[in-house]
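Chain IDs A, B, C and D follow the sequence of writing; residue 1 opens each chain.
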Amino acid sequence: MIILLKNQADQKQVDNLSSWLKSMGFDIHMSVGASQTIMGLIGDTSRLDIDVIKSLEIVENVQRVQEPYKNANRKFHAQDTVVSVNDEVKIGGGHFEIIAGPCSVETEEQIVYVAQRVKAAGAKLLRGGAFKPRTSPYAFQGLHEEGIRLLLLAKKETGLPIVTEIMDVNHLPLFEDVDVIQVGARNMQNFELLKELGQIRKPILLKRGLANTIQEWLMSAEYIMAGGNEQVILCERGIRTFETATRNTLDLAAVPVLRRLTHLPVIVDPSHATGYAHLVKPMALAATVAGADGLMIEVHNDPPHALSDGAQSLTPDAFDDVAKSVFAVRPYACR
Amino acid sequence: MIILLKNQADQKQVDNLSSWLKSMGFDIHMSVGASQTIMGLIGDTSRLDIDVIKSLEIVENVQRVQEPYKNANRKFHAQDTVVSVNDEVKIGGGHFEIIAGPCSVETEEQIVYVAQRVKAAGAKLLRGGAFKPRTSPYAFQGLHEEGIRLLLLAKKETGLPIVTEIMDVNHLPLFEDVDVIQVGARNMQNFELLKELGQIRKPILLKRGLANTIQEWLMSAEYIMAGGNEQVILCERGIRTFETATRNTLDLAAVPVLRRLTHLPVIVDPSHATGYAHLVKPMALAATVAGADGLMIEVHNDPPHALSDGAQSLTPDAFDDVAKSVFAVRPYACR
Amino acid sequence: MIILLKNQADQKQVDNLSSWLKSMGFDIHMSVGASQTIMGLIGDTSRLDIDVIKSLEIVENVQRVQEPYKNANRKFHAQDTVVSVNDEVKIGGGHFEIIAGPCSVETEEQIVYVAQRVKAAGAKLLRGGAFKPRTSPYAFQGLHEEGIRLLLLAKKETGLPIVTEIMDVNHLPLFEDVDVIQVGARNMQNFELLKELGQIRKPILLKRGLANTIQEWLMSAEYIMAGGNEQVILCERGIRTFETATRNTLDLAAVPVLRRLTHLPVIVDPSHATGYAHLVKPMALAATVAGADGLMIEVHNDPPHALSDGAQSLTPDAFDDVAKSVFAVRPYACR
Amino acid sequence: MIILLKNQADQKQVDNLSSWLKSMGFDIHMSVGASQTIMGLIGDTSRLDIDVIKSLEIVENVQRVQEPYKNANRKFHAQDTVVSVNDEVKIGGGHFEIIAGPCSVETEEQIVYVAQRVKAAGAKLLRGGAFKPRTSPYAFQGLHEEGIRLLLLAKKETGLPIVTEIMDVNHLPLFEDVDVIQVGARNMQNFELLKELGQIRKPILLKRGLANTIQEWLMSAEYIMAGGNEQVILCERGIRTFETATRNTLDLAAVPVLRRLTHLPVIVDPSHATGYAHLVKPMALAATVAGADGLMIEVHNDPPHALSDGAQSLTPDAFDDVAKSVFAVRPYACR
């Protein structure tokens, strides 16, 4: 960390700051110029609140040299992390897969049918919501325990591992047979939940919050990894901007940006990112060539009658076409 | 809800839509124009997913006529809600109060001293974080149970009711003697937590999420109220924009906007909204005359050494000045 | 346009509104329901200010049925517009081309060399700034007239038509031999400039403003087209959000969104959108498969010493690789 | 400027960078630490492109120490600038005034009547648009030359100096008798226009662009001041965010932020910032106590029939009330 002092900084105040920082275990490297004095801090500054330093009277500005995340940082872990689901399906490190399924699990018939169709089209994981975060308390909230039961039934029928969202630490026992646990955008900074998920040994699919920076997202992955669970998949699903023509704005550049910053796999959800079925295919292809390690796509047997997010779901036939196009373009992906 | 059909809508499809909506209990009012057919839905459309309707092939556009929140809606509850804390302190309906205290509870000495000072300056509630949502897993996370114990001690010393943040449903038993439970910005859409808080009978201070619209915020209040807990205080604390000169962008117009939409009290937190101590006073005064029902202000005995958010904390002396100015300007507030 | 009246709307006021609208040449279609009265306006409402109607006391809400742009609207012009540059190079309607060159024209040697290299790599148009919009008055502002002279020289050497930005109506005479005139993001709503460009008969490359919606962008195209110049190319170059890891946030979904709304060609500038050379390739590939009609890419012989935007420029060698990859993936593009 | 070099920076490359910077006239102060080498640049770095330096292979990060604006910078000009209009009306340095009038000048009767009313209520300057920047080419664009004639007539009748917006450098001769020239939000970065306005000696009211940072805004003021015209008034009028309940989001904290950064006066336009008449009063009061040097408020004799921005205009009666409240609260303003 580099601390830039004000020109008129009083020597006694400088000494005080220096002593305080040393007392916290940092080595200080002072560089006194004609017009500017700079303090370089050596040590683990991830514990230090940059805003506190900035607020000091004698400080002009502060700059972090190191990123505040470590476990997720590619600098300390050059090789790609490959997330392995039941030793069957791999994501990351050159492994690219599609996760598909309905927004919400509704009936046995629905989830089994969709599972069979997406499997036939090449998807390797089944998604489906049992606990649904809905803006309105009056909207359909998911089938809960019954939803997970139906997902497991579809898994039994098709062999596809399942991905489903957790909304509360207390529901964790219900997720025992779930293969990948999803943390939704609204819970990306539910730190208590993240800590708990750090204690288990199961892949976590961590969606980006709709107003969170890439760095904050990595810090949330760090919460999980700090607990010892290193199986984290990042999922870009659009951020909130002033544009209203789409539900969110897909920040596709996040994929190559993350490739440099972290070794964790990054997938893209074009369904939530755009909110419209007709935008899923172009954004799925774009994400693939931009170097994503996978896609998460909503597929529903009957989108107009879906109990949630019907507008953005593909029919199984439309998904066939998208998957085929994605696999065709995959060899051209950027790494 | 008004549904605008496409010009070329097939009569059979229109009939199907109409039947489906009727089966869901709505009355339909059709208006067939030369160039446009409009369906008016009468009934409780808060349960209906607007995006599903929009996604139908024959639909051009859909517009809600009613707001999707009811309990929080001023239309159905013209009179201001007055939130009463222990029958001692009132907020809303003409009652204006200041909540003040440190970002984090650190020591007994600190919290008691700050409590005494803010009380002397005119604050009627004491704030202090025991559970701290921190972006980094390596940053100070609060004293937890011990923090609440110290807050209660400060309450005993000063008589000030206490406000503190909850981060996990499972911590609820620890909050038994807490007077007002705060839901932080990052948990504004932690719906499972909101549902639980709807089951208790204690005032809830609901902060706005940093990328949430005013309507989403009211829907989160609705989650609490739908459970039967009508004691909700809304707290504007800045939204996230492209501007980097301040920590967040204080959306002060939200105060008069909410005044029309809801009967719930609205307070403003100028400390988190701006992130800098020197901006707290001008924004506190501005919020007061804009018609806020109260303020929430960070005060620390020694801001440069605060364990969190030191940059935005006022010293007790600075708070004296702010409180005095706020009370002086309060008679000129807009209603 | 659909006007929703308030429940308690006074009949006399309704009649007044109705008369006023009729006096402006609209046909009114009234639909009186039990709980809601709706007025449908038939006629050209693009001239009507939606905010004025909304502000009327008896009006609950207003909704446009028609988009407020006509010349640019695909509804009235189903076939793709193909912009033809000197009857040599075509963009749109299945024609895909790359525009490449340095941010600023610096020297004859530089521009001729870059032109030769980008031509060899497959680019069909040469870009280069002669007038540079710079945030700081102290930064390099371009070579102006001399810059255009050098561009024309490079054109003569290579045969590549040239694209360069105009910043002031008064400079128009200098652009006589320029093949495509660019309007930069900061001038997207410089309406006086747009009007003038509507009077000439030369392709206009209209960049999206950094905080403008897709609809506003089309309205700016409409300004040019309303003057009779229908040769408009839209260029997505990133919007401004809270994310700071990239210079802007590339809104790639704008490409398929625009495909539905307009018949005009849409190209993407991954250099300005991201601000970093290493992000240009993944975003160029992504834009291509998402269905863009072309790309605009910054190439500089010596990026570290470029007088502007060096950080985002590719070397000629890096551009060779990008162009090759783009052409390889182009057959898989979404339409 | 502080340049942080990468750990593995090659000595030859460091020397090259150093020589290059020296050749540009900078003094270099090297500070070689165990783990980090830092270069301090002494000299006028406002001419240096920070992004170019950042893009160099051996550079880890760069930080500006000095703000890139000088004329507008309070550091070099501690005393408040007082803008004087015709030696009659003063803004800044403790002088607070209200500018009021209709969005567009429509008729002689209208502008004279509104001028008389706002004067009676205490406004000291009359605003009115003759050239109107409208999103749609089909919307009312203002009366142009005739509009200015009518404004001058109202000035003659009431003695109020006039403020009106310029949209094109070529219209400058028409503004000879205009007292204050306004640059609208969409032209905040129309640099050619700013340069021309730097050549005249008349106060310029510079509105903030809807997606521009405070620093960019000051850089635009710098464009005017670099030409020698130091009479610049900054006007905050809302920025663009995801919130749709208001037209824009008023960034009121910009007022105290600017107070520290610049000596220029700062006023607030609550009408454009919010877009709704009922929000003007609370935001006008808020801006006043936050320390603004003035307000700009839209007033129309007949808002529902205004040719532009009727929704946000106050009636003269409503303005009487706002002005009275503003003057009452003004003594409590923060400085």
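Basically, a residue touches a chain if its C-beta (ideal position, glycine included) is under 8 Å from a C-beta of that chain, and two chains touch if they have at least 3 such contacts.
It should be emphasised that the depicted structure is a prediction, and the values quoted were computed from it without experimental measurement.
Engineer: Among the chains, which has its CA centre at the largest distance from chain D's?
Structural biologist: A
Engineer: Across the interfaces A-B and A-D, which one involves more C-beta pairs in contact?
Structural biologist: A-B
Engineer: How far is the middle of chain A from the middle of chain B, if each middle is the mean of its Cα atoms, in Å?
Structural biologist: 26
Engineer: Which whole number of Å gives the spacing of the CA centres of chain B and chain D?
Structural biologist: Chain B and chain D have C-alpha centres separated by 32 Å.
Engineer: Just give me the whole-number Å value for how far the CA centre of chain A lies from that of chain D.
Structural biologist: Using C-alpha averages as centres, the distance is 39 Å.
Engineer: Quick check on chain D: which residues sit in contact with 2+ other chains?
Structural biologist: Answer for chain D, listing residues that touch two or more other chains: 211, 240-242, 244.
Engineer: Hey, which residues of chain C end up touching chain B in the complex?
Structural biologist: So the residues of chain C in touch with chain B come to 2, 4, 29, 31, 33-36, 38, 40, 42, 60-61, 63, 65, 240-242, 244.
Engineer: What does chain C use to touch chain A in their complex?
Structural biologist: Chain C residues touching chain A: 211, 213-215, 239, 241-246, 249-257, 260, 273-274, 278-279, 281-283, 285-291, 325, 328-329, 332-334.
Engineer: How about chain C: which of its residues touch chain D in the complex?
Structural biologist: Interface residues on chain C, with respect to chain D: 20, 46-47, 49, 51-52, 54-57, 68-69, 133-140, 167-170, 186-187, 189-195, 209-211, 216, 219, 222-223, 226, 240, 275-277, 303-312.
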